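Both complexes below contain chain A, partnered by chain B and then by chain C.
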Partner chain A sequence: MKPETISTIEVIITSVIRFWPVWAALAVSLTSGYFIRERLGTFGRLYGSPVGLAGLAIVLFWVFTALFADVIAVLGPLEQSFTGGMKKAPIGTIDSESGILFLWGADNLARDIFSRVVYGSRIVLIIAPAATLIAYMVGSTLGLPAGYYTGWIDTAMSFLANLVLAFPVILLFYLLVTPEVRIPTMYNFGLFEVPWSIPIGMAALFFLFPIIFLCLMWWTKYEKAPQKLMIRGGTTLVIGLWLYVGLVFQSPIAPLSLDPNELNVFAAVVLGSSPGVFRIVRGLTMDIKTRDYVAAAQTRGERPWYIMLWEILPNARGPLIVDFCLRIGYTTILLGTLGFFGLGLQPESPDWGSMINHGRSFVRLTSTIHLALFPALALMTLVLGLNLLADGLREESLKD
Partner chain B sequence: MDLGLSTDPNTPILEVEDLNISFYTRSGEIPAVMDFSMTVMPGETMGLVGESGCGKSTVSLGIMQYLGNNGQIKSGSIKFMGRDMSSFSREELRDIRGSKISMVYQEPMASLNPAMKIGRQLNEVLTLHEGLSEEEAAKRSASMLDAVRLPDPDRIMGAYPHQLSGGQQQRVVISMALLSKPQLLLLDEPTTALDVTVEAGIVELIQDLAREFGTSMIFVSHNLGLILETCDRITVMYSGEAVEEGDINTVFDNMRHPYTKGLLRSIPVPGADKYAKPLVAIPGQLPLPHERPVGCNFGPRCQHYEEEACNKGLVPMTEVGHRHWSRCARIDEIDWDADVAAGVVDEPIEVGDVVVSVKGLKKHYAVSSGMFGGGDTRTVKANENLSFNAREAETVAIVGESGCGKSTFAKVLMGLETATEGEVTLGNLDIAHLPVEKRDAKTVSSVQMVFQNPFDTLNPSMTIGAQIVRVLEQFEIGDSDADRENKMLELLDLVKLPREFARRMPRQLSGGQKQRIGIARAFAGRPKLVVADEPVSALDVSVQAAVTKLLTDIQRESRTTMLFISHDLGVVRYLSDRIVVMYLGRIMEQGKTEDIFAPPYHPYTEALLSAVPVADTHVKKRHVVLEGELPSPLTPLPGCPFQTRCQYAIPGKCDSQLPPAREMGEGHVIACHLEAETLKEMEPVIVVEDNVAAG
Partner chain C sequence: MFMFILKRLGTMILTILVLTLIVFYMVNLPGNLEKIAKTEGNMRMTDEQVAAWLDKEGYNRPFFTRYGEWVVGTVQGDMGFSRTARKPVSEVIGQRLGLTGLLMFWVMIVMVPGALIIGVLAGMREGSRLDRGLSVASITSTSAPEYVTGIIFTVVFASLFRGFEKELSWWPEGFYLNGSAATAASKGITFYNFALPVMTMAIYGMGYIARMTRASMAEVMTSQYIRTARLKGLSFRTVVLKHALRNALIAPFTVIMLQFPWLLTGVVIVETMFNYKGFGWSLVQAAGNNDIDLLLAISWVAVIVVLLTQLISDIGYAYLNPRIRVK
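Showing the complex of A and B:
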């Protein structure tokens, strides 16, 4: 028996309807944003630029999709249908047993592609910004002193950054996921066991930077107010280290943990993007350090790290925000690439890259092209949105 | 191409009538120029003067029909040699730009193509506009370079722009503008980016060229003194309108607009004195273009303001004399000859004991020219053997052009650099070798600085209040947060700003207000010594006087020693008790202000005094124009550093021996080889005519 399908127009209409929480949230956020646009700074001025606004809307679309995934998705990301003929079911097929509409068809394991794409947005929108943020912390913590002190510090760090940039990224990723490299060795320290492998080592280094960064910020700002320093620095250290042991070493006492695949991806992505961040932060620092307010801070005896973190970095935020948006886009593509090569997350994970990888062997047939088409479209729109947003922000910040 | 231009000497070269120019921005239409009229006759030089944002540059761009994408001429006409500019086609406009009307901009480096040799850029004008062959063009270009008094035209023709100094570049730009013998030359702040002695040379050149070629000129500037020295007629602009137009001497001596009067009173001229005859600032600040008042734009800041007369509708330009117009509703009611409603006359400050003593200070930088830090290492002597004292509550000015080492000296004082040799004693502490990191909070707070650029002096992403509180924390002032908060508000009171400003961001403040915050910050820790690096030079003229007054008032109150770094001898004469003149890292002359401004002079001081434009028709200056450029500090000369440009240089002596620092009486020291008698016989450079009380 051939399963029942609905027409293309009905598929489009139903797709639009299924995203209703996203449309509602978009309407609310964009209209309320319009009324307080004066107070939103550069983001508020996006309302004067159609391109930037379109970018913002697309990005927000996926953000809200990730937020409301449970409401939008019909099935779980791993749920399979066991009805006959549902494997690789075409677009708009209705499961004859459960009566569930497989809006964007089903994959070769008879999972709902629509639901998988929707859930996939969660993975992409958590990992890409988080990895970019960590890359930013690493890049800034190293780029600020390089640009501020110049001289041999700069030479040494720039050399290191160029070294990483010059190394073929894909090869690096292949190296990182080679079983011999990836599988952790357990070291026993009596009371507890510590896993160790090259990716874990890299993550251990990278995840240290956010803690160092924040502690430096509090220390320089509240050096002469020990009480405030204790509260802020203490909180940062406790929470930071608590998260740190969980994220890096999978310690059971921590609230969050990353599985080894995700850790690999983090390590790879941060290593790949922090040299770029390092370079842009270094350049901006060199420019801003010639301003009079930096000289004023120097003449009142401020520490170099105070000047870097509180006088220079906040005033570099304009170009950095633009770069951040672009870089989330790159990271998203990188995640897709990793997934596509099967180097990323677990094979069954609904992230868009892995889905495209899965679907690629079916692209040859028109009837099964949808396996790769929808995740590819999702990836493309998100990156497009981020790029448009970055363009809009750059244009608006250049004006007057 | 026949452009239908009239060459009749009675037809004005340029006739602007009721011109209105608007810009269209995000926040709607902004009128930049309103109801503007101006006539320039053949051979005349018109000065266009006003503060930033008054529309003077917009007028000059409007004349060139070059307003960019968002600017538009709304109404009115611009007639060039009898023909309306708006009737020119695109091709015709392109043809007259650069051949009939030329323009010289402020930044010479931005006007020249950095990738093309000077010769090719010059020839292009002639091959393009006059269709000359390369050789003929090259010949004409070389003779024009000669006319703008550039030595060795052939070498210059083969050079790239970056191989020339700023002054030479601007001369090239001027020669390029004059190449095709234009009828009208527009100069938009042509000397603002240059040093005073270089500026004096360019000004003299412009005067000669006007005489020689008979070119009509429009000279746009914010500097009244410069306009007085170069122009026949003047148009004063304020907030988008011309407020007064007339012959230069008429406007300076018989002004008929309160703004012109206020402007002239707020500039330090040789007659002014900070105690006996202080400057009078124009209260308030320039209105933003979209917040202009109804009626007279100057009304809210005018002391003659009257309800009904001044705030009802547009005030028209009225003729008040032969070719003299003013836009004032109460011309007939104001007593124009009334003397300045003099500000409060202050008692002179009693100077106390020596606070800062500089002895034999040297600061050398090693510059390696080879790759990888190898090669030959050369030394730049930024400061060489500086010695002077500054007393409590005294203002000592350090005067010199760019590259004289005054900023390096400030850095050594602040501890951003350490001295190579010598000492700077503050109290009983030698701070010359003590970098700022090694100074304790008390020492740091006792030496503070006011910076030059108000738009750069505050951290743009922190509130005003937070920035001042941070300074107090850093100086270990106050016991608690609340205490510091209070102190911060008191500091705002001190610099006469409302307390609400504590919560504002720097971008919400005007330039003058930002500079006040900069002053509050410097005086937060009751400093013994404040270094003020050109604190008012970047401000609008009408605001300068108020900030200067504030600075001297606070100094009087706190009895702080002030080191005033400047190249503007007008302000220096007004403000300082003693002056130190520097050239290429060395002190050329030092002494009391009145001794510096009267003979005997050091030859460099003499040239410097002559170079500074004075906005007073009663002041006569002797012309001393320096030839040549500042020598490179990388190749130090044996003997006197000033020998290359000195008109008195004695061959065999000045180029081999360092001149001795000779005491001329009462702390007046001149470093020169000339005999004391020769120096004493020098004629005064600045002479104030008798009918004005000499300062």
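Showing the complex of A and C:
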């Protein structure tokens, strides 16, 4: 029996309706943002640039989709339909047994593509910004001294950055995620066991940087106020290390832990994007350190790290915010690339890259193109939104 | 200038050595070697047999001795034996590079002029409607990585040219390079099997170059000498074509050269997607099948390509822009 389908126009209308929580949230946030735009700084001025605002709206669309995924999605990301003929079901098919509408069709395992794309936004919108943030911490912690001191520190660090940049990203990924490299060996330290592999080692190094970065910030700011320093530094260290042992070493005492696959992806993506951050931070530092307020701080006898973190970095925030938006997009593309080659998360995970990878073998037949088309469009719109937003922000900040 | 090039070459060689050392280390981890022994011998080898096999093949010698040997061999042109292709690596690499070179050639032919024209048109009158339209278009193209454009193009062409399906029995076969045509590369490259891969790759890089050209063009258009030329009474067209263009194209030149590392990733994606058996495709194959010698050769060739383009872009920039002569 051929399953019942609905027409293309109905599919489009239903798609729009299904995202209703997102539209509501978008309307609320954008209108309320309009009324307090004066207080929002650069983001408030986006209301003056249609392109930037469109970018913001697209990004927010996916953010809200990720937030309300449970409401929007009809089925779970891994739920299969066992009705006959539902495998690779075309767009707008109605499951004859459960009566559920498979709006964007079903994949080769009869899972609802709509729900998977919606749930996939969660994964993408957590990993991409988080990895970019860590890459930023790594890049700034290394780029600030390189640009500030120059000399041999700069030469050495730039060499390292160029080393990573000269390496084809794809090859790097392939090398990092082959099972022989990534399967951890356990090292027993008497009291506890520590898993170790090259990606875990890399993650151990990279995840250290946020802690170092924050501690340096508190130390330079509150050096003369030991009480504040103790409180802030202490909290950072305790929470940071607590998260650290969980994220890197899968310690059971920590609140969060990462699956080994996710850890690999994180390590690979951070490694791939931190040299870029390093370069831009270094360049900005070299530019800003010639300013008068830096000279003033130097004359006051401030520590170099105070000047770097509290004088140079805040004044570099304009270009850095723009670059951050662009870089999230780039990280999303990288994640997709990993997924495309099947190197990323678990194969069944609904992240867009993996979905594209699964669907691409079916793209050659007109009847099954939807398997890869929808995740591809989702990924493209998110990156497009981020790029438009970055462009709008850049233009608005240039107006100063 | 000579000292500068010499210094850069020194850094380049150091970079290549360090990177190949890392790759060499990673592909020679014990797990990998065991797997090779088992695929070469038989899957049910005991640990002793594996050790004996590795001893016999010389995998158990000190790491740096083997790395040194590999470097000497590579410099002399002997890159080892590809276990998947059953051919010397140098032969495989040569053939694959040729195929990829052809693809890159067409990509460049499509991408560079297109990008420059878009960039110049957009940057010529900053803020105009044409500028806005072209800018949004180029941002869109940079937001769609190869694996997205590839799919979208396939979908669009599949539904547009449904007619091909009948004519070519199963249209993707005719539209892409299919397996046999690609390996032999003798069946010729036609518009039908080359258009999609080339377009997919060109579009992604095009937006980026166009945006750089636009920025540089817009900057030049606000400079004093352009204003002087306009005030002198030259027509807009003469100013753009004769005065602005020359200076505006310096920056995109570097960007185009620096696109190569990026294109390299693109090559891997596009070749995998369209089953074009070039350099990127062999990378995936070598990595998937644990072909150590091939993987090593691919990595150093890729690194050299990236570094050489960086060098050329630096030298070219200094050469084109007399204000930035390197001390």
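In this text, the second predicted complex is superposed on the first by the 400 of 400 C-alpha atoms of A that agree within 3 Å, B and C clash if a C-alpha of one lies under 4 Å from a C-alpha of the other, contacts with A are read in each partner's own complex, and residues count from 1 in each chain.
The rule is short, and it goes like this: a contact is a pair of C-beta atoms (placed from the backbone, for glycine too) under 8 Å apart; a residue touches a chain by one contact, two chains touch by 3 or more.
Note that this is a predicted model, so its numbers are computed, not measured.
Chemist: For A:363, select first, second, both or neither according to whether it touches chain B, chain C, the two together, or no partner.
Modeler: In the superposition, A:363 contacts chain C only.
Chemist: By the touch definition at the top of the document, which applies to A:26: first (chain B), second (chain C), both, or neither?
Modeler: neither
Chemist: Based on the superposed arrangement, let me know which partner A:67 touches: chain B (first), chain C (second), both, or neither?
Modeler: neither
Chemist: Kindly classify A:296 by the partners it touches after superposition: chain B alone (first), chain C alone (second), both, or neither?
Modeler: So A:296 only meets chain B here.
Chemist: Which holds for A:57: it touches chain B only (first), chain C only (second), both, or neither?
Modeler: Neither: A:57 stays clear of chain B and chain C.
Chemist: Of the two partners chain B and chain C, indicate the one touching more residues belonging to chain A.
Modeler: Touching more of chain A: C.
Chemist: Please work out whether A:162 is in contact with chain B alone, chain C alone, both, or neither, and reply first, second, both or neither.
Modeler: In the superposed model, A:162 contacts chain C only, not chain B.
Chemist: Please identify the positions on chain A that touch both chain B and chain C, taking each partner from its own complex.
Modeler: none
Chemist: Considering the complex alone, what residue numbers of chain C touch chain A?
Modeler: Those residues of chain C that touch chain A are 11, 14-15, 18-19, 23, 26-27, 29-32, 35, 132, 135-136, 139-140, 142-145, 147-148, 150-152, 154-155, 158-159, 162, 165, 170, 172, 261, 264-265, 268-269, 272-273, 280, 283-284, 287, 290, 295, 298-299, 302-303, 306-307, 310.
Chemist: Along chain A, where are the residues that touch chain B in the complex?
Modeler: 45, 48, 224-225, 291-293, 295-303, 310-311, 314-315, 317, 399-400
Chemist: Per the contact definition, I'd like the list of chain A residues that touch chain C in the complex.
Modeler: Going through chain A, the ones touching chain C are 51, 159, 162-163, 165-171, 174-175, 178-181, 183, 198, 329, 333, 336-337, 340-341, 356, 359-360, 363-364, 366, 369, 372-373, 376-377, 379-380, 383-384, 386-388, 391.
Chemist: In the complex of these two chains, what residues of chain B are touching chain A?
Modeler: Interface residues on the chain B side: 25-26, 414-416, 436-437, 439, 441, 444-445, 447-449, 451-453, 456-462, 471, 473-476, 518, 521.
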